[in-house]
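Each chain carries a letter (A, B and C) given by its place in the written order, and its residues are counted from 1.
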């Protein structure tokens, strides 16, 4: 087995440190928001995870297209890693959002365009895993996976645009204003520090996890190869 | 390994049936039409697929009737939702069946062996699937109109239904080709299809409920535009990626 | 007529064909024999343009695969263990459909001609689903020769047939499908293969392990040759 690359080891440690710093900035350093109080602190991580979640889905769709063009298994591993890591981050985003929404909007969930699109995107990627699970041939699995991330990557933004139409015409649970209006606030400079650092921290963590997952993928392939050699 | 050339190599005998030595490949449109006609004449003989879709649609409407208690007031606002849910469910039934006809006896291989572009197969199947959906809709709409005393036969509404069905059949045909090749087959299709087809279904519901509520045409232009955008984009993508879905 | 050099086919990490060399002269009838999992069907599917080679050069009827697949398909007829026919269409309609897919002119005459050749002229208006397995297989041969191909591929054509049906199929295969064409057939049935083919290639572990012709077999029989080849 190849040893873990040195840079990856460093990145692991950096990830832990930036996560700790981001937590400190969000929970202690940033001032308490006047209207919503402590619960607003969830916001920093909420945006951080949402950002990398979306980033991962874009990366996955691009990796999928690249796979279809090059047929290089590396891009398939890249795509799986991106989808897997993003699915988890996106889930965290939704949970954090709900925690924030409960006091801010007085409901855990609302069929707002962002929330709904997030939920549908999660479902697309759960479907993606189910699709992959149902295919034995790794080459076909990669091909179908790539096609599906492409379809999902294009349909998700259109879903968002369509749901926005529902909002603008229909009255909704939390009043006729947009989501940002309910529980919106302007950031102080300390809040901005926490906010941008959180974005940075989650980007680092995302890269670290992606790297681990890609490495795991190629190790899996190695194991398969060795198994085949033994059985020959 | 030995390399032997048998005598019959030269002077090959001619078969009795050897009539045309020059092979013409069929044009794109002719081959697509051949597939559509084949699907339609098989279906109009057995009515397996359409009758299943129809009975299923009626059952779905009955369930909605009691689940939503479709009285006059509720009906107004949910008609388009009920219709599109019905079309979507019945649609997956038809898509699955239409693809398993090809898969069961290896006919998909037969199609793939023909000297035509892969996209001919895609368009042929997609248009057949669309026609099946439209036939089912053409029966469900008057039945629904009669049951609930609403007039659904309006040109603008039919236009929305056509656009929605096109998008649904376009993505559905691509995804049913994929799901037919997986272990879970039929079960997988709705799971793959619904989240990706969400824009079609939502935009269609939006546009049709707007029209049914008596909105001006300009008011439903936004969902209609998105519907058209979706149709165009997804037909183009399906056209481009279909090769990847059928090759080995 | 068929020229294959260093053909490799991988499914993911599994290598099915390992640098296979194979060539068939015009008019030859080659039987591909070998144990299950040797890659016979995979190889035939590559020749049939249904599967892409991973590496190597494949030339069929003067065209290169996979790039000129459409040209190859126009000159290729395939009979597999599945009939590739639509049960809800009549014999005639099935032929018409495939005829149109091959762009055949004077289609009605050709249909009659082919149905006569396979002995199903009087059943032309009957649904294929009412046909026995043997009749379906004969019609499948008719389907495969409708465009008068130069090269025929048979993939286990006897699967699921009883003794009588097999004998009848023998006849049709010999007179309709094989005569004047180049044929490659895979089969488990050594006896039938021995009767039909002019050359026997044994596929084992992804390469042609041995080859012999009908003439050379005079002193020994195919079964002992087959056993010998696999034992080596």
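Operating definition for what follows: a contact is a pair of C-beta atoms (placed from the backbone, for glycine too) under 8 Å apart; a residue touches a chain by one contact, two chains touch by 3 or more.
A quick note: this is a predicted structure, and the numbers were derived from the prediction, not measured.
Connecting every touching chain pair, does the picture come out as line, ring, star, complete or other?
Contact pattern: complete, every chain touching every other.
What are the two chains with the top count of C-beta contact pairs?
Result of the pairwise contact count: B-C comes out on top.
I'd like the most central chain, judged by C-alpha centroids against the all-protein C-alpha centroid.
So the chain nearest the centre of the shown protein is B.
So, what's the distance in Å between the C-alpha centres of subunit C and subunit A?
Centres of subunit A and subunit C (C-alpha means) sit 50 Å apart.
Averaging only over C-alpha atoms, locate the centres of subunit A and subunit B and give their separation in whole Å.
Computed value for the inter-centroid distance: 33 Å.
Which subunit B residues reach two or more other chains?
247-248 - these are the residues of subunit B that touch more than one other chain.
So in the complex, which bits of subunit C are touching subunit B?
Spelled out, the residues of subunit C in touch with subunit B are 21, 23, 25-28, 45, 48-52, 70-71, 73-76, 78, 80, 82-89, 93, 97-98, 100-106, 109-110, 113-114, 117, 127, 143, 145, 147-148, 176, 179-181, 198-199, 208, 210-213, 216.
Under the stated contact criterion, what part of subunit B meets subunit C in this complex?
Spelled out, the residues of subunit B in touch with subunit C are 1-6, 8-10, 12-21, 23-27, 30-31, 33-35, 37-38, 41-43, 45-46, 48, 101, 105-107, 109-117, 247-248.
Which residues, counting only subunit B, touch subunit A once they are in their complex?
171, 174-175, 178-179, 181-185, 188, 191-192, 194-199, 202-203, 206, 210, 219, 222-223, 226, 229-230, 233-234, 237, 241, 244-245, 247-248
Where on subunit A does subunit B make contact in their complex?
68, 120, 123-124, 127, 130-131, 133-136, 140, 143-144, 146-148, 150-152, 154-155, 158-159, 161-163, 165-166, 169
Going by the contact rule set out above, which residues of subunit C touch subunit A in the complex?
10-14
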